[in-house]
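I'd like to ask some things about the structure below.
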């Protein structure tokens, strides 16, 4: 019986309980010994959308050797317009499954409805709830019934209180494996896609024991700033990074402007590594240090 | 074959088509000859949440005599915290149905998932999609398959472009009976609950032929400003109003601070009536003018 | 001895005193029997910047006959870039003075420093403090020492509390002739230049006895929405309007996109008039009703 | 003749020139060999307001030994309310001067008007323009005529473009010694005082050669988050820090909630030091490493 199982603590009291325990971040295990919330940072990277076999295989091959912990890729895409690309849909599931087994990498994908949860439950190691669904309370309740890690992204204009309350919807259902993700908030300035609110990372870490990741790709929206802000996120106390990376960013079907190339992904690790060390954290050891200069795709 | 049936216009072109036709607002029929988008304003009022029989009956009796066109009342409540009151749920359906038949008033209720749509489809004349679900694209696609009026509320920080694109999700599914609803946007000032963006009403009316309602209750969050802002909304070109009204506001289970009492609801009609006339609009004729001073509840 | 003279009420108490008196809006007299805060609305219109004699004369001639109460025109322009047009400067003073005398219209102009106050004090009937200077506390203290009406525009992201405190800087210096002006706040949406916060007008009217004007031109930033929103502002309780109008908007040296033509200015009065009447207000009687169809410039 | 002297490059062209040179940050010299923009970070700390001799002497003694480069302290305070403490005013000048000479530390103070500039010009090594005055264009023009370093703080809701244009007002007057300072922007969340926009630091560094400092104290508004965010700021590329520190924070006349104690200031340096090293930067060598454990005040 988990010490965080809300049903045994009872209703409103549970939140306060959790806050008291916040000094020590809870470790959320992903798969294959990888986790978020411990000394080791969790590094998730991959394309915005699953597009085809070649794209996913080359991404998994490269990112795996680089020491990336899990591969992201959406098969259901939440898009502002109904006329934009909506993702591969269920066709993508078999592809995700094949890549996951071949490269022994856990996979992370977004869900937007009960039907999608059922469809990807077998293959996906981590479910992502996107910003636009942070207050889709029915969806939160549904993932609250699972025993599977959930990355919950902060809503575009969600207060920290609302963000934590959205997490409570999942936790109060019994699923204690929640990872928060700051991904930029909406503001008045158009110089970056959103405003990355790293102060929120520090505040969240003081208010809850849930681990907190940062997605610098969606926050900045421009690839040239991603590595720098990934470093700043780790300095601010983030427990992991969620980064968009694509074999050929210019050909990405969505968010091309923000995806890193493989070379830029290496630069990111080179940038973030020393900062992680400076704050007493580290990446999991990949083949990176020895082989990175020989990798091509 | 409807002139707005997107499937016969084909994909991306359809939006431009609609904009060209925007000079004339489309009339969305509700029920019983009531509609939104014509010269007559649509007035929807009622409690935030359906609580009990007495509350709903006294509301329907009073509001019906006042000339209110439809009764609102949520049985599924989207709440920031999982520990707040979540609504009566399916128990409330029979109650809504009884009140609707007894008082011959169309009813409006919010849905947050496919299951809820199926549950209320028989009884509810209009479905409401709340702000937090404006970009719940799976939900939008589902109501897009119905032939039932949908009030789509603007997201807390949705741009006008995103708002229209959310409407496109419904329209492109074949459901042409969409009513937009401005309900205040999130801002830096805490003097009002949200900032009522009446400029958006004027902009929306210039960009689309969809009718536009305004919810001054959620926008302001304080009952003392609701009537004034309802008048301003009509002056800005709104095609209808969605107002929270409760027999005993102080005892409302949610949003008590913003609900109007019956007396304040009368004041609202007295305030808005002359402004409606000044802009060439009117309320549907109720028993209001002759009998209002004799109504008690 | 004025009943509002703060020095005789003493420090912090004075704000509370004023709030108590808020039921009755204070009437701020401008000149020539014109005022803001009474039953009659104050209508100020004119070009953004004073450009040349012909522009100002034709504006004064037309607007005066239309019943506009005062002529606006900046000779010192606050511009985002130092390389943009900065206004005519002191050369414009004599021009303003000539036009004011010839057409017997009070004039309103913006000041940004003590030097500018001294330069325009003789000619300007009303001083305007722009949004960017709402918290230029030294400037506020300086106009607080004058006995001259001041239109204080709300800062781009000023809370209502900060706005009232900025007014207190002027009031506490002894100058009781302050008119607040809502002109749109900064937000995330780029569909309009700013978001016109008419809820703030209602809130301000409940918190203070100072009259409140609205500038729909800067708020919306697009001429096609100005008349509609001017009507909404009056419905929301505004005591006056500040409107940009130019003989040839397309040739305006600044803010061309938002200035009304003379014809659009007539439309505005036709739009707002009936709404004013609906809320028990009126414009001062101009030659408008009889002669407007014969006016050319 | 400076290569950045705008008068020799001429008007509008100068901005583009500067952007081209942005690869290499310009070094702005402060005094006593201290500078901002080179490999060494500039560290400015001290109380929000100059209060008395004891406060300033103990601050200078402690911070100087800690390796802090310059002492901040306002004698003119911009306050939201006219009834709040407005600063020591001219009395404070002699005090600042005495402390500066005794402890051989450059001093930084805020100015809000021409009169204040004249009053502090002799004593202050660096002038600060606060957020509320970022678009006080007359003030910017005045400091543009000096040959003295200016720290220009970003306005509460200033876009990056507006921030750079405000800097241009100073630069185009001939004063090339401008340091930009990000200090948090206004947003919807009240969990922190403002939202620290570290993405803006990265963007600014890519757009201009001006050095960029960060003020984490005003951004977060809570002392417990200042050290962490100072580290994140350096990771994001900041060239220096501006930190509020007070011998007895709880007794500070203003902003008590955000001021660091001396002990917390040491922690900040211990936190930031390794991150600075990780990004190839360093603090100037103080007595810190050897003596810090023996310092008392």
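Just so it is clear, A, B, C and D label the chains in written order, and each chain counts residues from 1 on its own.
The rule is short, and it goes like this: a residue touches a chain if its C-beta (ideal position, glycine included) is under 8 Å from a C-beta of that chain, and two chains touch if they have at least 3 such contacts.
Everything numeric here is computed off the predicted structure, so don't read it as measured data.
Looking across B-C, B-D or A-B, the pair that copies the A-D interface, with over half of its contact pairs the same by residue number, is B-C.
Each of A-C and B-C has its own count of C-beta contacts, and the greater count is at B-C. Separating the CA-averaged centres of subunit B and subunit C is a span of 35 Å.
Subunit A and subunit C have centres, each the mean of its CA atoms, that are 50 Å apart. In subunit A, 157, 161, 186-188, 190 are the positions where the chain touches two or more neighbouring chains simultaneously.
Residues of subunit A touching subunit D in their complex: 157, 159-161, 184-185, 187-192, 195-200, 202-203, 206, 219-220, 224-225, 228-229, 231-237, 274-275, 277-279. By the touch criterion given at the top, residues 11-12, 78-83, 112-116, 132-133, 135-139, 141, 156-157, 161-162, 165, 168-169, 172, 186 of subunit C touch subunit D in their complex. The touching residues of subunit D, when paired with subunit B in their complex, are 157, 186-188, 190.
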